[in-house]
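Same chain, two partners: chain A is paired with chain B first, then with chain C.
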Partner chain A sequence: MAPKAGSKMTREEELLLEGFNKNVSTKSSALFYGNAFIVSAIPVWLYWRVHTVDVAAYAIMFVIGTLVSTWLLAFAYKNTKHVLKHKLAIKREAAVTKEITKKLADDKKISKKKDERILWKKNEVAEYEATTFSIFYNNSLFLAIVIFASFYVLNGASPTVNYGLSIGSASGLIALLSTGTKS
Partner chain B sequence: MLKQFLLVLTVGISQLNADDGSARLLLAKQIHNKYLVEGMDIVVKYSLYNVGDNAATNIQVSDNGFRNEDFELVSGQTQFKLDRLGPGTNTSQTVVVRPRKFGYFNFTAAEVNYSGSEGSSVVLTGLSSDPGQGVIIAARDYEKQFSSHFLDWAAFAVMTLPSLGIPFALWWSSKSKYEAIALKKD
Partner chain C sequence: MLRFVAAAALLVASASAACTNPSVQASSYTPADSQVLAAIPFIAEFTLSCGNGEKPALYADIEGSLVPVTQSVDGAKYQVSWVKDVKKAKTGDYSVALYDSDGYTTLRRARENGEAANVAPLVTVVVSYPGSYSGPVFNSEHFALGLSALVFYLAFSSKSALLA
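== the complex of A and B ==
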């Protein structure tokens, strides 16, 4: 695309750069850490009720485990979202273009900024879908691994070993998987 | 269980020599439970076998091993009487008790008193087989191993539903909206 007026190019460049930037906004960060904390804290219920572990006695272990898991889970969310966003942006381009074109069809004045609007909307949709899917996917995987590790693999192990290894391996594994750039 | 069953065949003690024509009773005491758990029923079976030549009369079986502070009597009697047991016959009684505490417990032998022949004033005494020491498991440990924790899992499912359901629903609504737009022919 040939560069035109200075301000438009800068805005487009901005949007393009935003697509490649791995840093998340404060709102996104809060969303990720909030979700990660909730999902990391829920397995403690299972340990208390099903494994009948005394929570008061192992409080420190549970707190540390939850915090470490929260951080790793949020890390996984960010990475997964970043990878997904690119793929989704390509996928949704046609649909978003159609939507914006239809919206601005009547108004000839804004049609000049159409490309910018399409890019912005595509970015937003990709961001939204990538974020929600990343959270869903990582949560499911995390909970599945914790349940499998805690009740099948490590059933009968001491509370410390059971909790430490289940939570550690689940969050570690999904953090590791999220760093993969392939699909 | 096998050990207890074998003990049935190794008799108790008899006070008098078994004369020809005298009844001889063997008493077996068996615990019919696989697990002994605090607060859960234990089934105790007393079996009487008359291996003598005469009928035993005025039979009295008493088991003082289940003290009231340790066990609650649910069904049956720990002391029961039988009028007559013919030669070569057997009978059995079942008692159900419920332990009040957990820990090691020594199941002691029960005692049987009877007359060797009808009309005889001589009282013969015997002791039952001794089930020996058993472990009564704490209710908490038993529940931990065997309970299905259905409600706990249900509560867990309810708690995780928002974390999984909401992101999925949001993603799905956006995805289906844009896929519909892409498929729609202008």
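== the complex of A and C ==
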């Protein structure tokens, strides 16, 4: 299946490589970072209203915390998505194949490219599902850890320690867990 | 003769130490918020007006024990107070019977002897305790933690099922 030196890869090979590629498209990246930013910004509201921390006084801390946490969360999203995508692709293969076959059953002309279409569709479905599930999973873990850390573990600590440690440990832990290969 | 006069004078003096026509004006205080309290204080402040202008020392019967009532330097104002555990403090009106020194002596003797006391109090003040706020019943952070933990558990089990 390996192409000869200098020859162009077939569409199939391209798609396969894309599937194993850890790089995300611009659109995916924007989705990840946007989501990560929103989720990282939510605890700031929590600290402002519930812990009654003066936002103006601690503005720099909140900004830095949000940015660091955004980056770590996006990192975790990417890793989790990558891990899930393969498994999802395998699981959804049967359903996607059935759907495409049904759609192209009548048209004999396109049936040649059927396999390519199936592969592409499978890739797309797996990508979408893995992305959304990765976001959901990491968000739920992040918020659970932040709530637990800031209200129970660090309840009496100063605002700096409370915010720094709960956001830091939550996003750090998620980033760490997402790099696990065995899951 | 002199001793008789002295004794008679003493008798007259002690007789006039009793308060005639006592009328009391009282105000009471109990805290409305007991979140940071370990015990509820009951405080009653009152002024006692006697027909003969006396300002006697008073004793209050607080739940079976007789305690002296604090009196201001000029004798015009009195204050009696006691504390009760937050959990044990019941809502309602607390009647505080106040005795002058004669009544106090009689009552104390009767109680020490175990007899039923028939001493009428000089006056009675009422401290009412309508209850106090002891904090929210339902802690929202427990609920938030429970909900987030549940959502995470769902996510985790789905992930495990996916990667199985």
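What we mean here is this: the second predicted complex is superposed on the first by the 174 of 183 C-alpha atoms of A that agree within 3 Å, B and C clash if a C-alpha of one lies under 4 Å from a C-alpha of the other, contacts with A are read in each partner's own complex, and residues count from 1 in each chain.
The rule is short, and it goes like this: a contact is a pair of C-beta atoms (placed from the backbone, for glycine too) under 8 Å apart; a residue touches a chain by one contact, two chains touch by 3 or more.
Please read these numbers as outputs of a predicted model, since none were measured by experiment.
**Student:** Given the alignment on chain A, is it a clash or a fit between chain B and chain C?
**Tutor:** When both complexes are placed onto chain A, chain B and chain C end up clashing with one another.
**Student:** Return the chain, chain B or chain C, that is in touch with more residues of chain A.
**Tutor:** Tallying touched residues of chain A, the top partner is B.
**Student:** Is A:I135 touching anything from chain B or chain C once the two structures are fitted on A? First, second, both or neither.
**Tutor:** The first partner, chain B, only.
**Student:** Based on the superposed arrangement, let me know which partner A:R92 touches: chain B (first), chain C (second), both, or neither?
**Tutor:** It touches chain B, and chain C stays clear.
**Student:** With both complexes superposed on chain A, which partner does A:L143 reach: first (chain B), second (chain C), both or neither?
**Tutor:** both
**Student:** Per the contact definition in the header, classify A:T26: touching chain B only (first), chain C only (second), both, or neither.
**Tutor:** In the superposition, A:T26 touches no partner, neither chain B nor chain C.
**Student:** Once chain A of both complexes is superposed, is A:Y152 in touch with chain B (first), chain C (second), both, or neither?
**Tutor:** After superposition on chain A, A:Y152 lies in contact with chain C alone.
**Student:** Looking at the overlay, does A:L84 come into contact with chain B only (first), chain C only (second), both, or neither?
**Tutor:** second
**Student:** After the superposition on A, what does A:V39 contact: first (chain B), second (chain C), both or neither?
**Tutor:** first
**Student:** Residues on chain A in contact with chain B in one complex and with chain C in the other?
**Tutor:** Common to the two interfaces on chain A: residues 50, 133, 136, 140, 143.
**Student:** Quick check: in the complex, which residue numbers of chain B touch chain A?
**Tutor:** Listed in rising order, the residues of chain B that touch chain A are 140, 143-144, 149, 152-153, 155-156, 159-160, 163-164, 167-168, 170-171, 174-175, 178-179, 181-182, 184, 186.
**Student:** Per the contact definition, I'd like the list of chain A residues that touch chain B in the complex.
**Tutor:** Per the touch definition, chain A meets chain B at residues 35, 38-39, 42, 45-46, 49-52, 92, 94-96, 98-99, 125, 128-129, 132-133, 135-136, 139-140, 143.
**Student:** Residues of chain A touching chain C in their complex?
**Tutor:** Where chain A meets chain C, its residues are 50, 83-84, 87-88, 91, 133, 136-137, 140-141, 143-144, 147-148, 151-152, 183.
**Student:** Help me check something: in the complex, which residues belonging to chain C touch chain A?
**Tutor:** 141, 144-145, 148-149, 151-152, 154-156, 158-159, 162-163
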